[in-house]
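Here come two complexes built around subunit A, the first alongside subunit B, the second alongside subunit C.
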Partner chain A sequence: MEAPPVTAMPVTGGSIHMMEYLLQGSVLDQALESLLHRLRGLCDNMEPESFVDHEMVFLLKGQQGSPFILRARHSLDRPAVPWHLRYLGQPEVGDKSRHALVRNCVDVSASHSLHDFLLEMGFRMDHEFVAKGHIFRKGALKVVVFKLFRILLPGNTENTEPLSLSYLVELSVLAPAGQDTVSDDMRNFAEQLKPLVHLDKIDPKRLM
Partner chain B sequence: MGVTCVSQVPVAEGKSVQQTVEMLNRKLEQLGAVKQGNFCVDCETYHAGAIGNPGQPPKFLYVMHNSEAPLSCFALFENGPCLVADPNFDVLMIKLKSYFQNAKSNKVESRGARYQYCDFLVKVGTATMASSARGITVEVEYCPCVTANDCWNLLMEFMQSFLPSHVPGVPSVFGVKTDGVYSPSDTMAQYLELFSKLRKQQAATGSGMR
Partner chain C sequence: MQQREEKQLEASIDALINRVAHLKNSLHSFIFKLENEYDRLTWPSVLDNFALLSGQLSTINKLMRSEKTPAFRNQVIIPLLLSPDRDEELAKLTEQRVPVFSHEIVPDHLRTKPDPEVEEQEKQLSTEAARIGPDVAQKQIQTLNKLCSNLLEKLNNPREDREAESSAMRQNKPTFNPADTNALVAAVVCGKGLSNHRPQGPGGTVLPGGGPMLSGGPNLQQVTMQRSTNQQAAMGGQGPPQQPGKMPSSIKTNIKSASMHPYQR
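Entry: the complex of A and B
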């Protein structure tokens, strides 16, 4: 049994500066099949995966004004898969001509004790939902088409109702900071999905 | 990871920490164990300062790493839940620095040689805090078995062969297991218990001599 390498694990620039580039749009239920058909053609040649995820959004209120938000997500149809914890920073206010929403992103895979652990840390659950849909990839681009479901009784993921009569479409890429060609690639891909769906940079602040 | 017992070995009479560690290493080599690299287990303390819960005592969050699981990061509360995550959890703790302050002077780490003897892995380490040696840790793992209570006697017998006078009692984590299956977070809980004891002790001495 070889010893694993003993190295000090300094936190280097790489993982702390990962950015998520995001474009969003939506399609009505009736248009779903044509969109999936187009995506099957455009994206990498593999069986498109379907998923059912339960996401909980946790807030940590400190002495500062705005609370710290963490998103914990786990699969309902593949229960053995680890939980996924995600931190998303404020959108970067920069170049208006940049085609996608850019924000700092930290992704952590975690064990199934994540929910209890976050509560112990002082986080409180703000809201939760179930997301059901399909995921496609094209190189580094990820396209997710999913429907949001409202959970009627807290903690009960069986009893849900759809939030709307449409599907949310998200095109995203995770890349180190500073790679601005990423948003150009995303825009080119988004062009190919028109007129089925219009993917745009949606500023979350405008929705508050 | 197999069932593991982590314990502290007192410094030998009239000897230093380093000499005692060398004595143990030699004993293991005489037994027939083969040295296979080094190991390191470290533990950082985060202090939950700015959380708005005035009535409660301050919470300590411990973030630990084990070279045996290089792509994992363990986060624990004493007597509380344990989270096993990937190394990006350290990055997340940096983002949380205004809520959880890193008490850098409280960092404890144990480093030493890693020995393999048939189905056992033995790691004898020097535990240090702020570059001063605080004690000696011995970790013994019986790799083929994951059911804690099934192999405790065997572990004890093996430990007696090179730790004649300091065989530890059953680790408390064995008792609280609901399904009896041992996991790496149990090893980290044992190290945490040991490191907490070391933090409270004075700097390591062997009957008053350094």
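Entry: the complex of A and C
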């Protein structure tokens, strides 16, 4: 079950359809400090923000083959902040020369009863993880460096263990569909992080 | 003679006021920029501001050092009248920064010697310098000059062999692991390595309870051993095609029997 393509959605006013442009890479724990220093220099001058988020991925199995996936995220260190629900479409198979992974993205905020609501709707929680890291911004570019923690007992976010010895680095931009200059800006930014991190578009289908 | 000196003094003071006004303006705009646009400020523009300030300071220095300037040290300023009342003209002259010519502002504005702390530090430094003797001082100066010139040379001349040696250093310490990248992305996208909810493949043993299984244990072991030999045979291309299909069903029936009749075996 896939969201209908962008052109078929009725224009009822409100949100423009946003696409998420994404580049991903990773950095080993030892090199994290140098990466953070470099990002602090390159990105906008703000207080470095750190976050601890708990994300749950819900699946709804329809009659068709591929299930509908929704991602619900909430902050563990700022409990008053509303939950965040996100839908990510399949990556657009288009221009091979485009430098970033492009996929349809719908983001909404939700109340704290999101988990129960989704379960009542028939979604089933597929997996969950805790992400702890830092977020940087440069204009419209967002760089997130975080470590994934596996949750050992379902529902217990205290008892976690790191998934690997690396931090995942994601460079993303939310832009309306059709703006291809965005991926050029992203590639230029990614060049500046080499050789610490190689940010690349990683096709999720290749990893299945 | 006195008139000429007076004229010189006036001219040099005017020039000094001019330069200081320039400096004040650039400081003012820099502070404004730092306070209001700090989140959009880039390092090169901050450096530009500092360069401007340093240039203006050096012009002031040059002005003071020039021959046309009489020694200000010989002039003495004595406040003749101090009053706690607000002086409008003074306030206008100083852009509201000094509204009152009183006892509080005089020590700051008419100061001729440095702060007591600064004076202390300067005295310490000069006794230190006198203590080490001229030869040692000369050698230290030379080392400092050599270090600075080395550094400047390295910074100013990008050399190809420098690239080679830095890339060699980098190869010894990789900062990222592509396998980790793939593992992390797979975890974020499809939950690989994260979930305990998804049933594992046919090799997994998702058995309900331990007790009932003990009785079914030897059976299962037998079944799995047979299955593995079957698989080997199948891989060789010679195993009977029915048996791999039969094995899963026998496993299932074992489980069923064990779990439904725990006491009968």
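Everything that follows uses one rule, which is that the second predicted complex is superposed on the first by the 193 of 208 C-alpha atoms of A that agree within 3 Å, B and C clash if a C-alpha of one lies under 4 Å from a C-alpha of the other, contacts with A are read in each partner's own complex, and residues count from 1 in each chain.
Please note the rule applied: a residue touches a chain if its C-beta (ideal position, glycine included) is under 8 Å from a C-beta of that chain, and two chains touch if they have at least 3 such contacts.
Just so it is clear, the structure is predicted and the values come from calculations on it, not from any experiment.
Novice: Between subunit B and subunit C, whom does A:Ser113 touch in the aligned arrangement: first, second, both, or neither?
Specialist: It touches subunit B, and subunit C stays clear.
Novice: According to the stated criteria, A:Gly122 is in contact with first (subunit B), second (subunit C), both, or neither; which is it?
Specialist: first
Novice: Taking the superposition as given, does A:Asp180 touch the first partner, subunit B, the second, subunit C, both, or neither?
Specialist: neither
Novice: Taking the superposition as given, does A:Leu168 touch the first partner, subunit B, the second, subunit C, both, or neither?
Specialist: The second partner, subunit C, only.
Novice: Considering only touches as defined above, state whether A:Pro154 meets subunit B (first), subunit C (second), both or neither.
Specialist: second
Novice: Go through the superposed model and pick first if A:Glu92 touches only subunit B, second if only subunit C, both, or neither.
Specialist: Neither subunit B nor subunit C is touched by A:Glu92.
Novice: Is A:Gln63 touching anything from subunit B or subunit C once the two structures are fitted on A? First, second, both or neither.
Specialist: A:Gln63: touches subunit B, not subunit C.
Novice: Which residues of subunit A are in contact with subunit B in one complex and with subunit C in the other?
Specialist: The overlap between the subunit B and subunit C interfaces on subunit A is empty, containing no residue.
Novice: Given the complex with subunit B, which residues does subunit A contribute to the contact?
Specialist: 1-7, 9, 11, 15-16, 60-64, 68, 85, 87, 106-111, 113-114, 116-117, 120-122
Novice: Which subunit C residues qualify as touching subunit A in the complex?
Specialist: Listed in rising order, the residues are 38-41, 43, 170, 173-178, 180-198.
Novice: If we count contacts the way the header does, which residues on subunit A are in touch with subunit C in the complex?
Specialist: 24-28, 30-31, 34-35, 41, 44-46, 57, 124-129, 148, 150-151, 154, 163-166, 168, 195-198, 202, 204, 207-208
Novice: Under the touch definition given earlier, write down the residues of subunit B that touch subunit A in their complex.
Specialist: Result: residues 36-40, 48, 50-53, 59, 61, 65, 67-70, 75, 77, 80-92, 94-96, 98-100, 111, 114, 116, 121, 143, 185 of subunit B touch subunit A.
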